[in-house]
Amino acid sequence: MQVRASRHANKLGCGWIFLDMLKGFHYPLTPKGKSTLNPSPPWYYSADFLNIEFWADPSAVKAALPTGLDPDPKADGHASAYFYDWQFSGSNEEYLDPERYQYREFFILVDALFEGRPVSFCPYIFVDNDAALARGWSQGYPKRLGSVFQTRYYAATGKAGPALAAGSKFAGTASAVGQRLAEGVVTLREPVRDPSAFDQRPVVNLLHFPTLAAGKQDKPAVHALVENVPHDVKVEQAWIGDGTLTLPVSKNEELSDLAPRRCGHGIRASMAYIVDDLKTLKDLRG
Amino acid sequence: MQVRASRHANKLGCGWIFLDMLKGFHYPLTPKGKSTLNPSPPWYYSADFLNIEFWADPSAVKAALPTGLDPDPKADGHASAYFYDWQFSGSNEEYLDPERYQYREFFILVDALFEGRPVSFCPYIFVDNDAALARGWSQGYPKRLGSVFQTRYYAATGKAGPALAAGSKFAGTASAVGQRLAEGVVTLREPVRDPSAFDQRPVVNLLHFPTLAAGKQDKPAVHALVENVPHDVKVEQAWIGDGTLTLPVSKNEELSDLAPRRCGHGIRASMAYIVDDLKTLKDLRG
Amino acid sequence: MQVRASRHANKLGCGWIFLDMLKGFHYPLTPKGKSTLNPSPPWYYSADFLNIEFWADPSAVKAALPTGLDPDPKADGHASAYFYDWQFSGSNEEYLDPERYQYREFFILVDALFEGRPVSFCPYIFVDNDAALARGWSQGYPKRLGSVFQTRYYAATGKAGPALAAGSKFAGTASAVGQRLAEGVVTLREPVRDPSAFDQRPVVNLLHFPTLAAGKQDKPAVHALVENVPHDVKVEQAWIGDGTLTLPVSKNEELSDLAPRRCGHGIRASMAYIVDDLKTLKDLRG
Amino acid sequence: MQVRASRHANKLGCGWIFLDMLKGFHYPLTPKGKSTLNPSPPWYYSADFLNIEFWADPSAVKAALPTGLDPDPKADGHASAYFYDWQFSGSNEEYLDPERYQYREFFILVDALFEGRPVSFCPYIFVDNDAALARGWSQGYPKRLGSVFQTRYYAATGKAGPALAAGSKFAGTASAVGQRLAEGVVTLREPVRDPSAFDQRPVVNLLHFPTLAAGKQDKPAVHALVENVPHDVKVEQAWIGDGTLTLPVSKNEELSDLAPRRCGHGIRASMAYIVDDLKTLKDLRG
């Protein structure tokens, strides 16, 4: 039987992609669409985050880039680290199931060029939630599981709740397989006045799904450069100051190859956005 | 060798209790006081929380009370459920180590009387962090490990971030040993205008530390009614509305004996406080 | 740049698939191949497991099947539940990194037919490890994260270690998102004498990788029936007896639709096998 | 009301300590004794374990000892590291609830003297389970939460399941707060012929329960040297060979002060024992 089109389902406004009489965007595809990891897009996000700007060894950045992306000679190894406390929802109040849809994330973006155009590439990213890992893989984010934490701001401040004020410090940590992979601190200086602090180069990732069939393991089913196109991006309550970051050497890991030679700004803010699309820039399969 | 007094240490302002040349308030007591679960008091806290008021079966409330606490006939089984996203700190910027000191908690308080005085008692409480479990046990909170989550408010609201507005919903869940033990929802109506909504009856707990020695297992080393005396309590950003709560029946658990017959208000707020003391009301050892 | 063939890499015996100068079979593809989730096949496995045979409602089994698989009218809803304590390794002693490569798993297989041939299909499966989730997805196993446990046999038996003897009981549990999804018990009767107890119908899965691009979300990049072809399967220390299984109703889950109407045998054994291939039976994309 | 004696309860053979009409040995004390962390002793254990013998800096060992224990000059910093995969049970088939009662543990024992008698002391110990943490605290083991893993032996050996044979390797790791605290490898040489390899010096611990009351925080409620007295100790399937161990330096931890200067034997075995008593050697409270 052919895969059934979803246009009928979409018209019904029920938010499900129908495939083979089974519902779901990600695994598992099920009769009722309840046990599936994620509902279909659009995907809604809110978060508090820390961002730390840094410069890695340009040759380490270059080594991390996939075919089709080139180093940005002007960038000198420029990169960003992010610690996110996310809340996700679909069209069915998924934010009311926080054990299933709330999560934390750490990732690095490195500056690169795609056919001369300034972009960012994500070589490493860690989350503590499977629905987020699945959505990430669909967007070319190479997610692994890890434990990520950041100092939190509370309306009731005190000695355990830093105020949004000059001098306040917010720390972020990320670990995987019982090893600390990243530690950062943002020290606030002032509210962000210049919105260009958030001019993100578009994120271009390597979308990849391998092939297990013997003799074809060098021919992945999916292997392409894709551009993430989130929309309705809002940033609120943003403060800027200094950032520090370390990427400690850990057994059987290689993030530390991107260890900062120097660090730049640190930002602490809240953001929201929507994801419902992905652009393919270049299919890399032979 | 006698246990060395800490007064000298306190004068030094270094925040350590010295015992036997080893440092630490809780286990482990160590040469440098770095690996110990918690620094000495004072203990500082900030949090966002959900509170749901409910009425349980009064006989189930009575059955949960320890010796020395009596049911409150006026309460008719009145109780409260709480879902907390906490951040803890001592005197050494512990809030900058969120993997170690940030945690989530669910608990129930039931109305009772101590020698005729209205109090609350905590029969069940779950956290996802060992430092918090240890501090809890020192205050008579009978903590076990569990996974607790609550819908979060973000400055950047959106379809995944409910605004602080009438009609917004915030959910809380608590599970232990892979079983769901509590689910609640707070639907906001209005900002809290009447501070008496927070008139907490003082929390009186059963402080307990068993004895393993054969023949003395019915003679706990510690077994007393204690009153928690936090101070500098601040509540901010508080909204009130309706609350709903379920305590599902689960294998080898008994919280469901306190299942709500009806629910009352729901509150979503931020709070901070300080803990550095505990009052013993009554030693219950024979 | 074209994707580089791996044949050269294979001749070097270094076990890596080279793509774009980056190494790795699964995400992330990296310069050194250390941080990647999994090494390339072959993949080696050892495990202790529990198997419980049961019969579900045939209409629920039918509803769970993808296009191309048909119910087996002789099966009457026949299915199997499995609780596995796995250890994985590749070609680089990965079994010496148990935090990264040891894991637990629960899954259900239901009897079905592929073009009249008896097969099994996996509608639900849970693991507690990301490397295992990734390998699963490559084989069409629709893995989600969960917590899975089984009673363990120890050479030093005692009141906490059931012996391999008639009457001994071994329990298995699986939970996800803080809810208990499966509970089973195997009560041993005798060592397995008839190897046909292990005649597994070949596992035919739905290999699936969605498309996020707007307008194409009903056109998954990968959507095919695939047959798992493990080899060198060894089963040791196998005992057979009775099995019991429950699949409790849980919020926003649907495994309970396959709840047993009756149960059959239970098996407790140890097994090992090798995975290095996957057969595509039928591409289901339009 | 006085604390009720448990002798009547024991005669009933129901395994519960009754206190204040509430049941339980550890928190929480409850009406039905179902939600309590642990049943009353006797406590039964089975395990597979790795043991690595090492010599730490004697001055670091000395610094870790509590009052009343003296360094053993003949020991030269002799110590042992252990990685355990435990299964626990009480009198109610708790081994059939593995999510609740199965756990993993890492600890270090250092040689010391108590009034001239050779003993071992436990300065650091990590578990991944709250019931185990509670039982540990009752025995003077200063348990914190951590993630612990060890390579496992399976009856179905293969490239992912090392055989019990000369040359086979078994690794153990322990982490806490996202940092790796210990890594060890045991390489097997031969079955253990000399049972004196297991001559454990008795474990003497520091039993400690702090006091939170202001002004008394230097007067712990419990602070004594206690001797663990397990019985019916069985060791099976034991192999001996070489051991290697590292205790990496980690932020805000101090186990690395005991880092091995050299390592000795490694053992991989299975064991079982029973705990139902604890001897107080010396009360250290002023």
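A, B, C and D label the chains in the order they appear, each numbered from 1.
The rule is simple: contacts are C-beta pairs under 8 Å (C-beta built on N, C-alpha and C of every residue); 3 or more make two chains touch, one makes a residue touch a chain.
Since the structure is predicted, the reported quantities are computational estimates derived from the model, not experimental observations.
Novice: Which chain's mean C-alpha position is the greatest distance from chain A's?
Specialist: So the farthest one, by centre of C-alpha atoms, is D.
Novice: Chain A-chain C contact: same residues or different, taking over half shared as same?
Specialist: Because over half of the interface numbers appear in both copies, chain C and chain A meet with the same residues.
Novice: Of the pairs B-C, A-C or A-D, which has an interface that repeats that of B-D (more than half of the contact pairs shared)?
Specialist: Answer for B-D: the repeating interface is A-C.
Novice: Could you give the separation in Å between the centres of chain A and chain D, each centre being the mean of its C-alpha atoms?
Specialist: Computed from C-alpha means, the inter-chain centre distance equals 40 Å.
Novice: State, to the nearest whole Å, the distance from the C-alpha centre of chain A to the C-alpha centre of chain C.
Specialist: Result: the chain centres lie 28 Å from each other.
Novice: At what distance in angstrom does the C-alpha mean of chain B lie from that of chain A?
Specialist: Here chain A and chain B have centroids separated by 34 Å.
Novice: Could you please state the distance in Å, as a whole number, between where the Cα atoms of chain C are centred and where those of chain D are centred?
Specialist: 34
Novice: Going through chain B residue by residue, note those that touch at least 2 other chains and give them in order.
Specialist: Where chain B meets two or more other chains at a single residue, that happens at 97, 99, 147, 173, 175, 178.
Novice: Answer with line, ring, star, complete or other to describe the graph linking chains that touch.
Specialist: Contact map by chain: complete.
Novice: For a test of understanding, state which residues of chain D touch chain C in their complex under the given definition.
Specialist: Contact set of chain D toward chain C: 44-48, 85, 87-89, 93-99, 102, 147, 149-152, 154-162, 169, 171-173, 175, 185, 232, 234-237, 269-274.
Novice: Can you check the complex and tell me which residues of chain B touch chain D?
Specialist: Chain B residues touching chain D: 1-7, 9, 17-22, 25-32, 34-35, 37, 40-41, 60, 63-64, 66-68, 97, 99-100, 123-125, 129-130, 133, 137-139, 142-145, 177-178, 206, 208-210, 212-214, 217-223, 252-255, 257, 275-280, 284-286.
Novice: Using the touch rule from the top, collect the residues of chain A that touch chain D in their complex.
Specialist: Counting only chain A, the residues touching chain D are 147, 173-175, 178-180, 183, 250-251.
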